[in-house]
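Everything on this sheet refers to the single structure shown next.
We call the chains A, B and C, going by the order they appear; numbering starts again at 1 in every chain.
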Amino acid sequence: MFKKGWVCIGVWFLFGAMAVAAEVPVSDATQECLDCHAVFHPGIVADWQASRHAQVTPAQAMAVKGLAKKISSTDVPEGLGATAVGCAECHTLRAETHADTFEHNGAEVHVVVSPDDCATCHATERTEFAGNIMAHARKNFIDNALYQDLQRNIIGRPEVKADRLEFKPADDATRADACIYCHGTIVSVTGTEVRDTDAGELEFPVLSGWPNQGVGRVNPDGSAGACSACHTRHAFSLEMARKPYTCKECHVGPDVPAFKVYSASKHGNLFSAMGKAWNFKAVPWTVGQDFTAPTCAACHISLLTNTDGEVIARRTHTMTDRLAWRIFGLIYAHPQPKNPDTTVIRNRDGQPLPTDFTGKAADAFLISEKEMAVRRKTMQAVCLGCHDRSWVRGHFDKYQHVIAETNDAVRVATDLMGRIWKDGLAQGHEAGQSPFDEAIERQWMDTWLFHANTIRFASAMAGGGDYGAFADGRYHLSRKIADLDDWHRFRKGLGRTGK
Amino acid sequence: MFKKGWVCIGVWFLFGAMAVAAEVPVSDATQECLDCHAVFHPGIVADWQASRHAQVTPAQAMAVKGLAKKISSTDVPEGLGATAVGCAECHTLRAETHADTFEHNGAEVHVVVSPDDCATCHATERTEFAGNIMAHARKNFIDNALYQDLQRNIIGRPEVKADRLEFKPADDATRADACIYCHGTIVSVTGTEVRDTDAGELEFPVLSGWPNQGVGRVNPDGSAGACSACHTRHAFSLEMARKPYTCKECHVGPDVPAFKVYSASKHGNLFSAMGKAWNFKAVPWTVGQDFTAPTCAACHISLLTNTDGEVIARRTHTMTDRLAWRIFGLIYAHPQPKNPDTTVIRNRDGQPLPTDFTGKAADAFLISEKEMAVRRKTMQAVCLGCHDRSWVRGHFDKYQHVIAETNDAVRVATDLMGRIWKDGLAQGHEAGQSPFDEAIERQWMDTWLFHANTIRFASAMAGGGDYGAFADGRYHLSRKIADLDDWHRFRKGLGRTGK
Amino acid sequence: MFKKGWVCIGVWFLFGAMAVAAEVPVSDATQECLDCHAVFHPGIVADWQASRHAQVTPAQAMAVKGLAKKISSTDVPEGLGATAVGCAECHTLRAETHADTFEHNGAEVHVVVSPDDCATCHATERTEFAGNIMAHARKNFIDNALYQDLQRNIIGRPEVKADRLEFKPADDATRADACIYCHGTIVSVTGTEVRDTDAGELEFPVLSGWPNQGVGRVNPDGSAGACSACHTRHAFSLEMARKPYTCKECHVGPDVPAFKVYSASKHGNLFSAMGKAWNFKAVPWTVGQDFTAPTCAACHISLLTNTDGEVIARRTHTMTDRLAWRIFGLIYAHPQPKNPDTTVIRNRDGQPLPTDFTGKAADAFLISEKEMAVRRKTMQAVCLGCHDRSWVRGHFDKYQHVIAETNDAVRVATDLMGRIWKDGLAQGHEAGQSPFDEAIERQWMDTWLFHANTIRFASAMAGGGDYGAFADGRYHLSRKIADLDDWHRFRKGLGRTGK
């Protein structure tokens, strides 16, 4: 059905020449893709051309010895080793497992490349990622009734009823545009269609939940996750993943203000002012030689060495390996869950939460103090690349204290909310109602969803007085507590009205 | 009256030499300006020296063939073709039309260079810009009684009266510092003064409404607009206008958070992390060769080609050419107005608004569905430079849905506000009062002025979960609706007090 | 006690070679430090290696003539002149004055290098900094009872009592993580400890209040201040201090949104888009040659010249030298204090505030109008590097007006708060209570602590309509005033409840 159009002319020369310069052969299958797509989609083809995938074959990558090795699989399927990792290499892999595979110009092509495809060459990273809580971002969110109630009241369709305002569940498009933009959609095939393209009439699968790059996306091959969330297509650039802008895509709001805090920290200042001279491509990544202040990746993921070539931190895509605490309050900060699938957690009250409403941790499901100590030490090894032990201990002592302090403040807020519920001024979960649907409940939600989190992030990254104080931090935390108290006292005096 | 002082010595050597190096002659008139101003104002002179205006004559620019041509006029007035576009070329143009023209060292100089001056060489761009809603930013705002009422209640002078708080109209200086900083002042000549300068006593015009670079500024020659709003003096750099920081000057607040959303999007991540290697000066601007992710300019303005040299999008300074919807809620998102002068619009209720309070569009004044489809296709041609049709359609379907969803939510908020007005708990326009002056009305204003807009911008740019959810997005939209409902039920139960 | 471990091997070659290349000898004492710390802390050693301290000796620096001279002391202690300014040069200076001095591998080393250490070579800067209000950031904050009451109610420990919510004073760790993160801790020695290090068992001092880089930090030698707050260790890079990211560390929140406003201003746009080509290392810093738009440092600190080499602004580390107004509202904007130690100030009501609650300035403690004019002119000399007098006057007239306008608005808010206090609906200072501890008082605090400040910063930097209008500016200022009025009228009608 495919007819080469005049638009394809000349592309071979342009990109063929570039490929030759890099002296890495492109497979015939990939060359056929490039013949047209270089003109149809010059942006992504250019990204790929500039990528390591276009410049090194898997065989060459596997031949690298020691810490500089970037590929973890020790062998790759026949036919893949000797050519660049091009269009066809990824988009025709494991064709039979992909529900979105379709016949395209003689090839069995699938649209959505999944972590299980990437695992062909990056087996260790794929396994690590599966152990990462982020790979479960969708399931952990969708299969938790409490979080779904939360979601309904935040992004749902408002309806004013005679006796109360109600939020109806959001539809798929709204959900895809909000929470699961980051948590991940389910990408599925709903049918096929024939489209009239520049290359003639062609048949394509029709996808729902697409496009999406959420980190917990469910792919048409059934796998969970999206490597492209951080390793942006089609350059999959190490440089880009190591810069904090990548993390910012999902971590900039008041709930997880990681980027904002980082960019106001001393480390962020160093990155912004001096980072242009750093080497973001080196593997391993050598402190003091390649960079002099950490980005998100340096602390949480990357393989770091000192200038003697000794490993300071081993590479991990299970980012919790270096994290003792989960500082995102649900509703309190708590030790990291043992299992990245957090849907198994039940607190003392039977709720699917890592803490109960009084702050007691669901210990059986969370890591032990001993394991916390191990992870803290793993992280501190990174700090020690530039700071002495006195500095590092001082920092962690303060951080540990801030976790306790903010948990205490959330407990006061929750106690006030409890009094409001008990006095019948609002209806919470004990009355069989949502604890998230009334106006006053938002004041309480703010305390643990925004302000306590912001304070903890600021402390964790030594991220500055502003985020600890006036920028969504303690100023707002204490204010919301005062608001809850004032509201309670005032409404209690009057009795509830409007019923 | 002008006496060359010792401060001028040596400048000729410095800048004369630079001009010679570029081998573009500088007119005698401009050289005379440079002789002093290079020392008096080295910053702007250096910007100009580095600019294309200093390095290419209009005649050379007009001789360029094809898409690389940067000048749209086909001939220029005698005497301008063969020299650099320097101080004198712009600041003495059309002297008789400028109320701010004054005699300066023998020349008839005007302070404020206007779009009609720029039109001398950039005729097409000037005409396009006049068709752009931004050129009418001042008039559309000032000549709309409803917007002026809104302005008064936001930036006005508060006065506490016995029976109510009132906001008196803001004075000129406050207005110039707030809304019309972006919308544009009227720059007018209020007199002349003699100043004792480093070059002796000189007479200058005294200007009011100055300085200002608002995009809808009214200039002393009567023209509307300021090219310098985006093409920053005195380099007028294409690179700068193409980077998102320029748009940020007016589009970063919660009403139009374009920059914030962009910088958290995948596109913004690519720009931030990898953009340093892109070519921001190329004309035409080739996707995949010069850049691999769009900035604001790429989607909305620039002339784009693919790697085969084919035009993907033609250059336009009528930015609505690529826009089907106006997502800035007034008070709902709506199809773009037909006429960039929006003061002609009347909704069903006779208000100067593109929608009425129930969300019904003022159809007669807005573009048709057919025209919307044309513009959507124009924009999608840009997307298709990197994405396939399935991706693009999925994105636009979701975006279209979000417009409907947010309009629905604003309708619920407006309905609640209407109940509050109807119950006499606040006084709105139907009671002959401002709908924008009472505390509870701000909760309603927030829904359409901040949160619905933020959600739409996030969706339009695939700008991330955070701005769609927690960062001024749906979390806050649903919260304000809950606040309105709670306030209404509570105050209705009690009756209004304090009267 | 020190035994060289295998980890030290090879460092000499690496860093010794680099030092030789720069042809600046490293002292034996510093070489001994490097032998181990280059591996233990490669990040900071690399920063130092890249620094001017590693590349120029004090003697060479003192030999520089004229404006390019970077060192202000005219002689340095014997033994320091001829070698690089390395680890030992700073960390063993004035050993007897530092309470944190300890014996380390035969040397008397102290952990915290203080402004009095830096004064050895930078005497003028140290003296200027002592006259800077920032050097007193801790004392001015801690020794002011009113500010301490404010602090307690913002970062204190909440406790719900039967009759009211109370905030107990925050403990040291919380304070170190919030306000005094920027204002500065007291760093003191609480004991010693033996640690098992890679280089064997070693004894170290135990520090409290550490780490901290607050600008008003009290050091173990008794001095106040931290040069490293802005001159980031261990590169102490001029480039970094001149970029706005450094100022952002403490000036990004809604109370002092300097960075946010700057980055949305025309100047910030120029820096972001074009600054990569500027020379941030040149001394003096020449407008038009080294840069074409100011950063924070250019306006407030740096030595600037025009292209003729004439001084536009002399270097100062007393940043108030160029500032007529203090626009941070306490609770109104006011002329700069005469004395950087602001604890001496008393307003008419005897409060330690530069203005009273009606806006009357504590004149005796603030600079005169004449002095304000001098400082305004000093600042305007910078503006005139790129702008003519008409522009500069227009800008300052508007700015002056905005100060008056925002002070007026704060006066209205304070008047409303006063009525609430007078009516017994809340308890303020006249009732012997804190004016900062009740929910409604936060609405009032917001007006002068966030919104009036934001508007003034936006005006001062010509920082854009958004921060003047919708982004924490006038929209929120007028809203909070409307909230105060609504709350007052409503609660007054009902009487106070919940007591």
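Simple rule for what comes next: a contact is a pair of C-beta atoms (placed from the backbone, for glycine too) under 8 Å apart; a residue touches a chain by one contact, two chains touch by 3 or more.
What you see is a predicted model; the values in this text were computed from it and never measured.
In terms of which chains touch, the assembly is arranged so that all chains touch all other chains. Interface subunit A/subunit B: under half of the residue numbers present appear on both copies, so the contact uses mostly different residues.
Averaged C-alpha coordinates give centres for subunit A and subunit C that are 34 Å from one another. With centres taken as mean Cα positions, subunit B sits 34 Å from subunit A. Counting partner chains per residue, subunit C has residues 276, 494 touching two or more of them. Contact residues on subunit A toward subunit C in their complex (touch as defined above): 263-266, 268-270, 272-274, 276, 286-289, 291-293, 306-308, 310, 384-391, 394-395, 397-398, 401-402, 405, 408-409, 412, 415-416, 455, 458-459, 462, 464-471, 473-475, 478-479, 481-483, 485-490, 492-494. Subunit C meets subunit A in the complex at residues 7, 10-11, 14, 38-47, 111, 153-160, 164-165, 167, 171, 173-174, 176-183, 195, 197, 204-207, 210-211, 213-214, 232, 235, 237, 239-240, 243, 245-246, 248-255, 259, 276, 437-440, 442, 449-450, 491, 494, 497-499.
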